[in-house]
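Handing you this structure, nothing more for now.
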Amino acid sequence: MRGVPKSRVRAADVGDVPFRSRYSLEESLEDIERYYLDLKARSVRPLSVGGDHSITYPILKALGKDAPLGLVHIDAHCDTMGAYDGSKFHHGGPFRLAVLAGVLDPERTIQIGIRGSSNMFWEFSHASGMTVIYMEDFMSIGVAGVIEKARAVVGAQPIYISVDVDGFDPAYAPGTGTPEAGGLEAREGLALLRGLQGLDIAGADVVEVAPEYDPTTNTSQLAAQILFEEFALMTLGRP
Amino acid sequence: MRGVPKSRVRAADVGDVPFRSRYSLEESLEDIERYYLDLKARSVRPLSVGGDHSITYPILKALGKDAPLGLVHIDAHCDTMGAYDGSKFHHGGPFRLAVLAGVLDPERTIQIGIRGSSNMFWEFSHASGMTVIYMEDFMSIGVAGVIEKARAVVGAQPIYISVDVDGFDPAYAPGTGTPEAGGLEAREGLALLRGLQGLDIAGADVVEVAPEYDPTTNTSQLAAQILFEEFALMTLGRP
Amino acid sequence: MRGVPKSRVRAADVGDVPFRSRYSLEESLEDIERYYLDLKARSVRPLSVGGDHSITYPILKALGKDAPLGLVHIDAHCDTMGAYDGSKFHHGGPFRLAVLAGVLDPERTIQIGIRGSSNMFWEFSHASGMTVIYMEDFMSIGVAGVIEKARAVVGAQPIYISVDVDGFDPAYAPGTGTPEAGGLEAREGLALLRGLQGLDIAGADVVEVAPEYDPTTNTSQLAAQILFEEFALMTLGRP
Amino acid sequence: MRGVPKSRVRAADVGDVPFRSRYSLEESLEDIERYYLDLKARSVRPLSVGGDHSITYPILKALGKDAPLGLVHIDAHCDTMGAYDGSKFHHGGPFRLAVLAGVLDPERTIQIGIRGSSNMFWEFSHASGMTVIYMEDFMSIGVAGVIEKARAVVGAQPIYISVDVDGFDPAYAPGTGTPEAGGLEAREGLALLRGLQGLDIAGADVVEVAPEYDPTTNTSQLAAQILFEEFALMTLGRP
Amino acid sequence: MRGVPKSRVRAADVGDVPFRSRYSLEESLEDIERYYLDLKARSVRPLSVGGDHSITYPILKALGKDAPLGLVHIDAHCDTMGAYDGSKFHHGGPFRLAVLAGVLDPERTIQIGIRGSSNMFWEFSHASGMTVIYMEDFMSIGVAGVIEKARAVVGAQPIYISVDVDGFDPAYAPGTGTPEAGGLEAREGLALLRGLQGLDIAGADVVEVAPEYDPTTNTSQLAAQILFEEFALMTLGRP
Amino acid sequence: MRGVPKSRVRAADVGDVPFRSRYSLEESLEDIERYYLDLKARSVRPLSVGGDHSITYPILKALGKDAPLGLVHIDAHCDTMGAYDGSKFHHGGPFRLAVLAGVLDPERTIQIGIRGSSNMFWEFSHASGMTVIYMEDFMSIGVAGVIEKARAVVGAQPIYISVDVDGFDPAYAPGTGTPEAGGLEAREGLALLRGLQGLDIAGADVVEVAPEYDPTTNTSQLAAQILFEEFALMTLGRP
């Protein structure tokens, strides 16, 4: 049976960001940033679940306030687009915004799993100095090689880990909004995360999980396992 | 086989509202209103498909600009709530806004199919003079009785027809965002619409259709049939 | 639990029509007719499951060979169309063919549940003298009234019963090829069948069952119950 | 959006029955009975959700300990079978066991919605004096008539309400283990429950809810609404 | 098709083969051949989507009319069977027919991904000189090796590319009629196609796509990506 | 089309274990053991399909009665847990029971595919001398290496093969009760089985198949292919 959890986290350990209004995008981003600033002030390393990838920008704004963070980013898309439909605060641009806000260090950023025919927005990634591992590179370099590269890129300074489930092939994560055929296997992504052990992880997330699109529940199961790996990394890897 | 349509409407006959930005709710409402004002200026009677019930407010603002419209409204909810989460422009309040804007005549408004345990926002409907047919009334009055009442309420002046698919029981329309058990049968709703023949219909819609929640495709099939009935009413009933 | 059947019908009691080739429509119709002629010769009253409604024509050709049969027909469509796409042997025309072949008596035929915006092929039904109960008539006459009418139309001579699951509302039978919103409830169709007790039933079928379109299995469950009712009618009603 | 509940019941208000072992049916029944005896001792009127209808027997054993209860029972099946597969503690027999244990008064029991071709186990219901409303009776008597009959049967003494979701037509509740075509509409069942207002309700349940079989979530939505109605009845009807 | 496409190609760019009758297999094959002969006469390189793999035979008959084509064929099955059920025009035999008609050069044909317990019809492939890459070979040779082999087999002369989605593992393409466990990954198939760049491609297809069997939409997403790759190959690789 | 099998096994070749009562776990285990003892007495090598992995314990008890068997075990979990919820006869412990009963030789047992965050019950496996191939080992050793290791571990004496479909990644087998992200590919598992050719196989199974959780039917298709491979192994590998 798909089991019932035996123990539950206590209410004090988790939280939903309190929003002033669901109708104001700008206010919501401010609300997220304020909430994470408070977590940071209390030395809490946050683990976040989305939802739209746009949430990662205000999270980075809070966590990278004192010094820009490095980033390990698994995704089918670079998410460094500019303004779209009249706004720059969308799920295709959080990492551009974070670089421009000085909270993300592009030289210490690696993006893994990039691909797709509708995907032509990687200029900023290259221009700003990010390392981009396209899916065809991933296949030839292999998981061990990508781990080595990632560790070399991000170094020993604090980093953030952001996993968009569409980085995985839709066979593993059908429940997402912009699936792209030809992505990572589940076990490759999990191995990649485990390969980051010992790094100084300031926070992590898994985003773009949309269970409504997945009658098998596989997407949620995979997202839960990713959270578990990220949690383990933050505990084991504590410098 | 679920057939392929033999003929298609020409591009000139249909249109999507052009939006400046999907990130500004206020601008989007203005964009819808402007688009329908143009349709009205060209004497086009619009048939609309949603999407969120909030779209009906700017449509009514355009179509009722010269004189407030009457309304036949099939729904599980009154949709006359006030501000919520800091905004009044949500899918629970279009008809309150329309009354306050002077484009909807509450005395010539009938709301049919109202029910649900999470539903306690009908004060404005009653206070403003709308006729509310709760589901338990619907069952005792019957379709013919409700048609008679609707025609008496809206009279011979121009009216709008708004059908929220959640007015139907979720058995008939599972693909919607706020399903409420215990609603209309498909054939009852269709008969109700046919009973409006001869009225002066300025526009009509079917909203809250969410095919992603319905693996049977029934919701879309029903919505298409509702549009067909509304189209027939607007053609046959042309005064 | 959805149980496992405890006993199984013996191989001798059931059969699949042996086909010479799935690639010849004409040959397949001949194969069906020959098979049912053999059943008739052995005084077997057949209960059939489809599949496409086109199978009912060769079945009627066999069973009505000596004298034209009466018909109780539950369906959203009249299925009395002429040639279509270059062939007259399709699922929209079996009852026209049966009348023209002299094996179905249109004066003793009643069609129940007819409706739908894509449905404009009822001329032959009316021209040949069939009784057509449109869905709006069904709602005003009621089940008991329709049973009375059906018994009056078909009389005491041998009849055939043909149930297309799309006669039911798609809420009850989503797994079918040409669903039409606004049909019979399951319990109405079952009550209608029970109301035919005592008639001389030469054969019966349930057709257009397509389980692939129905993740709930409801369509198959309903079709099985219809077969049970038809079986009971043929046993209890044996003259 | 299928909304997130704004408030939650406090932990002290709800509970799961603590079981010694999931592998012993007899022990589990004892565990349930003991748990409900404790609730009864604390004057708590329990509202229960299943799961298998077999849970209702130990619940009745606890709640009817001092005096046999009356029962309003909505179901496709009488659930008064004897031993099956070597055990009498199964989901087809709780009400037989309860009568034999002296905790359920068959003369004050009404069973509503009974039907189905696999259903031939109603002898005990009739022999013990229960009132059985078959589905064909339900259709001719109507909801108001059934309410009147139910109130006459159960009287003013304490009663229990047990709703098996398979009492509803599978179109309304596909997510259940033994669906039977031709059942109640959702709104009929809800109206029936509301018609019991003012009765002395010692406890209530909704059982046989199996969300895994229902990709539309309708079954769970309906079950939640039934619980809401039962909760309202217990609050409003408090003598 | 279920659903309305989000964006539409202009009518002049696409076409449906006009069929005389859906009831004559032979006529339909002639209709396809005639249509593609016309495309060929106008120097159009066709990209086709199915549907049954039997369509590839008349396409090859048209495109290979002047000189037999080479073939890169991704599939779980060889599709070189003989007559079946009295006809040779089925989805298991198009490439046998094409060789026998002199429009396909078996020496310049490579079949990739072959496997399956119900699959024992590869004699003709071997006898006629085709290169068959069984799935176990694929796993040991690897994508790069298979690309090298494919380029060696087909050479510089014009070729056709035919992709049956069942060549992929059902995890990647559940929506197909004869799934076989143990096939290609999506990214392997896409890499394989990209490895054909520079070849002289006379036409290409993706077939056996059956969205009805896939509630995740993954199969359609993958098929669309395959079409994109094939389109790119035909543009970039133009000699 | 998903085809209809052309031939069927004769009734004499297959069988369901006759159970005294589904309500007694202990009796059911005895019933299974007795049934397989009879098969063994008649020199039948059984191929079994589950259902819960707990069935493998009584099967091993029968088949390993005269001499403890070796085991090739594909699974996400070791299934060597102790008592749980008051019983030791559950689906997490069959191989511990089999070792303790002396019917399974832990030194000749290899467990392949082990992983998962809820999985911390491998002490007994290691303590008893089993060879455990965790998923991360599987990825670095590769299929050929694992086959070599498996053959070395089990040797030439009789073995049993037990395949839990949750050994495969949920992308390949979503229809199971305790899915764990990051498992085997279908083709790897099939290749692994083929690599066991020539071994002395006393029996084999595939378990934990739950088609209700898989709307794509992929899990059942994969399970069927596994059975085919196991059947082939038992025939080809007969010493």
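Note that the chains take the letters A, B, C, D, E and F in the order they are written out, and that residue 1 is the start of every chain.
In this text, a contact is a pair of C-beta atoms (placed from the backbone, for glycine too) under 8 Å apart; a residue touches a chain by one contact, two chains touch by 3 or more.
Predicted model, so just to flag it, every value in this text is computed and none were measured.
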Path length in steps (a step moves to a chain that is touched) from subunit C to subunit F: 2
Chain whose average C-alpha position is farthest from subunit E's own: D
Of all other chains, the one whose Cα centre sits farthest from subunit A: C
Matching chain pair for C-D (criterion: over half of the contact pairs shared, by residue number), options B-D, A-B or D-F: B-D
Interchain centroid distance [CA atoms averaged], subunit C/subunit E, Å: 40
Interchain centroid distance [CA atoms averaged], subunit B/subunit E, Å: 47
Length of the line joining the C-alpha centres of subunit A and subunit F, rounded to whole Å: 38
Sites on subunit E at which at least two other chains make contact: 169, 171, 185, 213, 215-216
Subunit D - residues contacting subunit B, complex: 1-3, 143, 169, 171-172, 185-187, 190-191, 194, 215-218, 221-222, 225, 228
Contact set on subunit F toward subunit D in their complex: 19-25, 85-87, 89-90, 212-213, 215
Complex contacts: residues of subunit E adjacent to subunit F: 116-118, 135-136, 139, 169-171, 174-175, 177-183, 185, 213-216
